[in-house]
Every structure is written in structure tokens, then in C-alpha cells.
Amino acid sequence: MSLFGKNLICTQDWSIDELLLALNLAVKMKKSRFHSEWKTLLDSKTFIMLFYNHSLRTRISFEAAMLELGGHAQFIMPPMLRLQTNTEAGETVQDAARVMSRYAAGIGIRIAEAAIPYYGAGNNLMADYVKWADVPVINMANDYYHPCQGLADILSWAERYGNGLCSPNFESLKNKNFLLTWAHGGMARTWGSVHEALLLASRFGMNVTIARPDGYDLDPQVYQTIAKNCQMHDTAFTTTNNHLNCYENAHVVYSRNWMSPHAYKDNVFQKEAEIKFAMEKKEWITTAEKMKKTDNAIFTHCMPIDRGFEVTDEVANSDRSVIYDVAENRLHVQKAVLALSMSQRFLD
Amino acid sequence: MSLFGKNLICTQDWSIDELLLALNLAVKMKKSRFHSEWKTLLDSKTFIMLFYNHSLRTRISFEAAMLELGGHAQFIMPPMLRLQTNTEAGETVQDAARVMSRYAAGIGIRIAEAAIPYYGAGNNLMADYVKWADVPVINMANDYYHPCQGLADILSWAERYGNGLCSPNFESLKNKNFLLTWAHGGMARTWGSVHEALLLASRFGMNVTIARPDGYDLDPQVYQTIAKNCQMHDTAFTTTNNHLNCYENAHVVYSRNWMSPHAYKDNVFQKEAEIKFAMEKKEWITTAEKMKKTDNAIFTHCMPIDRGFEVTDEVANSDRSVIYDVAENRLHVQKAVLALSMSQRFLD
Amino acid sequence: MSLFGKNLICTQDWSIDELLLALNLAVKMKKSRFHSEWKTLLDSKTFIMLFYNHSLRTRISFEAAMLELGGHAQFIMPPMLRLQTNTEAGETVQDAARVMSRYAAGIGIRIAEAAIPYYGAGNNLMADYVKWADVPVINMANDYYHPCQGLADILSWAERYGNGLCSPNFESLKNKNFLLTWAHGGMARTWGSVHEALLLASRFGMNVTIARPDGYDLDPQVYQTIAKNCQMHDTAFTTTNNHLNCYENAHVVYSRNWMSPHAYKDNVFQKEAEIKFAMEKKEWITTAEKMKKTDNAIFTHCMPIDRGFEVTDEVANSDRSVIYDVAENRLHVQKAVLALSMSQRFLD
């Protein structure tokens, strides 16, 4: 089994064995982070990072990952590239992707929220790069998916329910209860991270509950895939609009603000309207009291956290919070994904 | 013969032997791109890239080139540097260039189009850096010249008329017919790339034809140099305003939009007026039909291509199109130039 | 004595022995800049550079320093990070600093002038990073201090009054006369660099004179520390508003424009008002004539220099000018500081 040359747009595109290959390599890399072995994997190789949107974790962790693999990640904001837009002449994705393939071993793209005119536009652009590039395209977060975030989530949960850091037990997640709950807040977030957490939780055998106010459902097609994943494991997939009872018996709690399905109008992301609407629902926040209803659940989040809105400081800072481990695991899973897809060492 | 410490502002400043030294090293580097030998040439050395203008190929390929030579290219947009401007107090080029020389092994500059107030201003700024810097200055495209583009062009043509990739035959270009034709389009391009192609084509013994509508002549001083180059080889240098007949017997066709000699007014680049005026001349485009008039010519372009305006998709995507090879060769010739001018290995 | 894990916000926080450890390592690194020994010190390690303000020397020299130590510096403009601001929801410093600590071996921050709403805000932000980060925080210039600049200053002076480049004699500075004089100019500079020069000059046993027009005093608390430093060495600390006599018997002259204590109003940096007011005081400039009053003083400056306002070309370009050596020494002292604080090699 080789992942050399493989794109990573959504974890659902990879088999469980492929995902475990990446996750297990990530654990090895985490155990001996600066071992000289990793440094030769992508020696002198370039990874192009196209950031249509701002980022802290994704940018820093991908750039560090390439360094630790012996290569280099170029940080590029696409307006610097003179690409074709709706209003200006410029280079096509066809030409950009084919030229980049001559220089680089892989291309990463981040695009969502205000950088796109409608839901799906980010994933469409990425599909266009996949079509034309001769090297792997890695999704660094789009409107649909955020695969590296999902891998970091699942690894962190499996560490906590396994034997601790660097000793995950993915089997331990089976039949555990995963609660994803919408939260109010001022960031109007894209769906990529939560979609990916749902897909992987269901894929690894967890019961899945989505709690959200009416009108805040996520993508119906993703719901169908989650349902299918749950069916395979004979686990439950539930949605509820109860912000309180949903915590009962949960083992993993993920509370996060996300935009409504009506966030794009007239080709513009209606960020302020979304925030205004979301901020009214003040009861949608994870608190210590609510956490008491759970089965001693861990608290997880992809960050950045909107403290005081999505979750209280008390919960975010508690011993059961895995937020910083999740952030750190971004680095390790990305190192594994980059190495497996781009290093000829893994070609055999 | 050593190129250590040498600037590269225009290929015409280098002797044919110096150019061939760089081109032949580029071919060796292309043959074994990731050979460990190259990695030590600029080990730990910094190359400063000042991008007054946006770029895809130049930025990515120079940054990759430095990585592959063991060093690092810093991507810098000059507004970040607090340099003196017409309206604001700041650092002089004298001080900036001398300080940079303490930190870096070389300085690259890209400046043209909207970043300058008049034709020649970019080349003047570069001359000022050359005056004060103690390290080589590499022209990464200015209003006059784009030497690395020219080297990539000539290498790609010599590969096609030689024995294929990595087996260029520069002699094979002698007495071949080079057609540079203006094209309509929405980008109002600077003259650097086409000047450089003309200079090198004439330098390597090709007959040169420039086809352009009346009013679109390039720099008269460059024309004189081309004429002189052609005289040395006893080849022809012709200009025409016929967008059709010019293709006859051509071996290399380069169609590109460029700005008129009146593109700067009142110290401002009149981009929109240029585009409006250019877009009227719809017959100026390279098509498959026109290509049939040639002697099975290859199609070349520095990119980005304004598809549908400068050239049809059919021609750009054809087997005779060398556009992606040209783009790739940017990397290899730049690696050679950087190594030869900045590595003490080549000092003897 | 180990500096591993230590922050560097102000040189006053470090003992003289700690400063000398860094300075002496800097000299060793300068002597053999590209020796393979340094390359392994921070192999594969990431240094995060947060630039709230623009920079030439600081950015290029820190990025080159990390390269030469085997690691990589990430250039980040904080608006790219989605951090919490007064008007927008976003990530807290607590979360940002703790996450960065998982990825990087150190964090550098530059913040002053128009990037802050009041004097002290930059240093406060840095203190917040120090509070939460698990890795060293290096001050790359703030409104209070600029420690790496101060170290480069003192090294360059000690080279000139010692046995030349790479042979500094720090003892030679004892009882020498240091003149810091305000100068007019169009840049309205922050106080960090001059504070640091004053603190180190007094710390290394020099007599200190500050010449400035009435109304241009620096931080009273820093004055107190300088006085205390001078008391320990039994040296003099004087202030004067005489722009002429102050040069008498000086051994080191540093002329620089700085903002008045009233530069911030209503949470906005009043740059234009400051420049207008400063530009009236045309007599405040260092000239060759004034330098004749000194004891053959060297001229020093942190750059960028506002030539013709802060100092004449004649003085800046003279043999006694150490400006480019100071700039170069930034690189060497920063390599030493980064290595000592971040490399486990120095942990014993």
C-alpha cells in the first residue's frame, strides 16, 4: 500500500487502512520528532502553500512540517500570483497547476469563508487543481473539508482514550459517544473542520450526535455519508436542537460556532449578518455544568477558540481539554501525510 | 572563466561563453536535479528577493532554486522595508544595498509595470543597487530586461531543435527563424521578457522577425543591439505590421501582448487605457491556422498566458508548445546563475 | 551558566555575565560564519517572527540567523493570524502562545509606533506572550526596548575601541563618553533602540550624555535605571538641551530622531504631527563640524538613517562611522542569542 502521489481533499476519499498508515506514521514521528530519519524524506523538496484565507495553526504547522522533513514550504497569498479572476485577465488554474508541478512536490490550498462567493466554490477550485496538477494536492481547509484537522482530532481522542500521548488506541473510540454542538460566537466559521470530525468519528465507530439550533444544519450530503458510516458500524447518528440534554453520556464534546446554510447571498459571504444572528443564541455554549452531564468527556476544538462564547475558560483550560494536543497533532499528522504522498521513499 | 560576484541585469552584458557556461551547468543540474552535489553550493547562504511586482514563476522558482542549492531565498515586498520614497522619509538604496550585502550572498529584484512611474525607472533602480551592493544583483524582471527568462527560452528551443530534454543543441538554432509577434490581451505587459528573447535569439544566430501593429514598437536601443547581433551572424532582422504573413517559415513563434511606448503618462502606468486599446486588435492572436504557415514551428511563451487572446488553447496545448518546459527551465537556469555568481566553489 | 529557555525582552534583565556569554559567542560565530558547527545548533527548529511593524535589518538578519543555525524563521504579519482585537473576535494570546510553543523553539515579536495605541502597549503584549509561551520570547523591537540592537551597538563600539573586527575589548569602553543626541527627521522613531543603547552603555561603564530639545525626554523609568547603572560604575549621567556643546570629548556619538512623550493621543500614534514638530528643529543634526569637538568619536546608528536630517552624508560615510558594522553585528548577536536560548546543546 503506497500513498505516493495521492491527493488528500477529504479523509473519506482514503480507506481506513490508508488513514491508519498516516496516523501510525504520525505517532512514530511524534515520538522522535527531530530524528534525523525524517529530515531526508523530503530533502530539498518544495511544498507550495496557497493561502486564500488567513491562518495560524495551518500555516505554522505546515511550514514547520516541511522543514522537519528536510524541505521547504513556500507561503503564498494568491493575489500575488496574477491568477485569472472574474474581473481581471490572468493565468488559468490549468497553467498555474501545471507550472507549479514542475517546481514543487506538492500543492496545499486553503480557501473558504470570505474568499469564496458561494458554498462549494472552494472545493470546486481545489478539484480544478487536482485535475491539472501532476503532484499531490493537499486540502489545508476548504468550505467542505479539512482532512488534516480531522486526523489531528481523531489522533488526540485516541491518545486520551488509549494510553496517553504517543500511545493512541483507535479501537478504544468504538461505541464511544461523540457530541458536536453548535455554539454562538463572533467568527461565523466554515463547515470544513466539523464535517471532517463527523466523518472520522463515524468512520472510527463512534456514535454521533449533532446538536444545533433549528436552521443550523450542516451539509445534507455529508449527513448522508455520516449515516452510511454509522450504518457500517451499527452505531447511532442523531441530531437534536436541545443544547442541554445532548451532553448526556458524551465521551467527546466539540462545541463550535458555524455559519448557517444561508451565509452566502449575491456571491458575498454575509459575515456580519451571520454573527449578529448567531450572537443571540447565548445559551449555546459549553460550560462546566453541562460537562457534568457527560461521561467525563474530553473537550476538543480545532481552534481558534472564541472563549466565553463557544466554551467557558473553565472548560477550555480543564484537564479534560485536549485543545493544545489537537493543535500539536496537526504538525505530526501533516508530516506523515506530506511524507507519504510526496516522498519517493514510500513509492515501493 | 569565473562568474563569481557577477551581476546579471541583461544577458547582453555577458559573453557568449559566459552564457554557455550557465546554460550547460543548468542542463547538468536538470539531469540530476536533487543530486547532493548541488545542495552544498550555497549552503546556509541567503538570497534576498525584492518583489515590487507580483509573480508566480519567478518567485516560486527562485525560492525553490535556493532551497535546492542548500540556501534560502527571503521573499520580501519592498513596502515592508521602510525605504525612501518620493513622499516619505526612509532608507536610501545606498544604505539598504550595503546592509543587505552584509547578510546575503545576492540580491534579486523584480520591478516593472505599475511599480514604476516611467519606462526605465526599474532599470535605474537596479543600477543603483548594482552601484552600492557588494554582492551580485540578479534581475528578476524589470522594464528593460528579464535575463533568466531569456536563458530559459533559449534552452527550451535548443532542447526541441536538439536531442530533446536535457540535450540541447545551441548550434541547431543558427539560421532558424524566430518570430516574435505582438498579441492582444488584457494584461498590458512590460517589455523585459520579449526584449530578452530578441537579444538572445539574435545572439545565438537566429533570423529575427518582430510583427506588431503600428505604434507598438519596442525600445529603439534594443532594436539597435539586435541589429548588431544579427550583423555579426549575417542573419536578418525584420519588422512587419502584417499579423498573418509573418508566420511564414518561422521555426519559433512567440506571441505576446505588450504595452505601447505611451503606456506611462504623468508618472502613472495607464494600464486600463492600454488594455482597452490593445483589446480592439482582435486579429492579433496566434491560431492553429496561422501556425500552419510556419515550418512546423514550436510555440513559446514566458507565461502567464492570456489564453484566447494571445494564443488559442489549441496552440498552447499542442505538442509543439514548449511553454511548460520554458517554465521549468527557469528553475534550472536560475540555479546555475545563482550558483555561478554566488558560490565560492566557482571562484577559482 | 545556561541561557536555555530564557526570554530576551531587555538586556537589563540579563546579568553582565550572561550578556558577555552571548557577545563572546557572537564573536566566535562572526569569525567563522559558515562553519558547520553552527548549522547543527538549531537543526530543523522553527522560530516564529511576528512583525507588527515593518523592518529591513531585523527581518533579514533574523531569517538569515535561523538559516545559518540550521533552522528556519517564519515571517508572519499578525493580521494573518486571526488574533483577537478590540473590534473583532479572534484567538487570545494565551491560546496563540501555547499553540506556537508546540510548533516552534522560540517566538520573536516586533511591535511599536503605529502598531500600538499607547506607549507601553507593545511591551505589555510581549509580557503577555512571555506569560503564556513555553518557549523563549525574543524582543525584536518594541516601544520600550530593542535588546538585539543594543548588543550589536556595544559589540561594534568594543570592536573599534578594541583590536578591530572580531576582536572587541569590552573593558576599553569603561569611562569612555557616550553621547546620544536627538536629531530632527521625518520618521518619528520609537524609543526602543536608544533606550537599549543607553542601558548598555551605562552598564558597560561609559559616561552617558543625552542631548535633546526641551520636551523630548525619554522614559523617566529608564533614566532611573541608567542612573543606577552609572552609580555602580561611578560614571556620569547628564542630560542637556545644548545641541552643540554636548559633542565635547565624546567617544561614541549616536544621533537619532525619536518621538516626543506626547506622540500618542486618543489611542492613535500622531506620526504626522510628530514629524512636523520635529522638522522645525533643523539645528539638531550631526555634522562633521560638530564631530570635530569630539575626542575623535565614532559615529553609530541603528539605521535606517534619515540622511541629511539625523546626520550628514559626510559623517555617515566617514571612516569613523560604524553603521554597517552595527548592522552586520545584528546578525551575529542574534545567532548567539537564538542558539543560547533555544538550542539544547547549551542546556548543560
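So that you can tell them apart, the chains are marked A, B and C in the order they are listed, and the count of residues begins at 1 in each.
The rule we apply is simple: a contact is a pair of C-beta atoms (placed from the backbone, for glycine too) under 8 Å apart; a residue touches a chain by one contact, two chains touch by 3 or more.
This is a predicted model, so every value here is computed, not measured.
Novice: In the absence of chain B, which chains stay connected to one another through touching?
Specialist: Ignoring chain B, the remaining chains still form one piece.
Novice: Looking at where chain A touches chain B, is over half of the residue numbers used by both copies, so same, or under half, so different?
Specialist: Both copies, chain A as well as chain B, present different residues to each other, with under half of the numbers appearing on both sides.
Novice: When the centre of a chain is set as the mean of its C-alpha atoms, what distance in Å lies between chain A and chain B?
Specialist: 41
Novice: Please list all residues of chain A that touch 2 or more other chains.
Specialist: Each of 72, 75 in chain A touches at least two other chains.
Novice: Tell me, which parts of chain B touch chain A in their complex?
Specialist: Going by the criterion above, the answer is residues 34, 39, 51, 54-57, 59-61, 63-64, 67-68, 72, 75, 185-187, 275, 303-307, 309, 323-324, 327-328, 331.
Novice: Within the complex, which stretch of chain C touches chain A?
Specialist: 43-46, 48, 71-72, 74-76, 79-83, 88-92, 95-96, 98-100, 102-104
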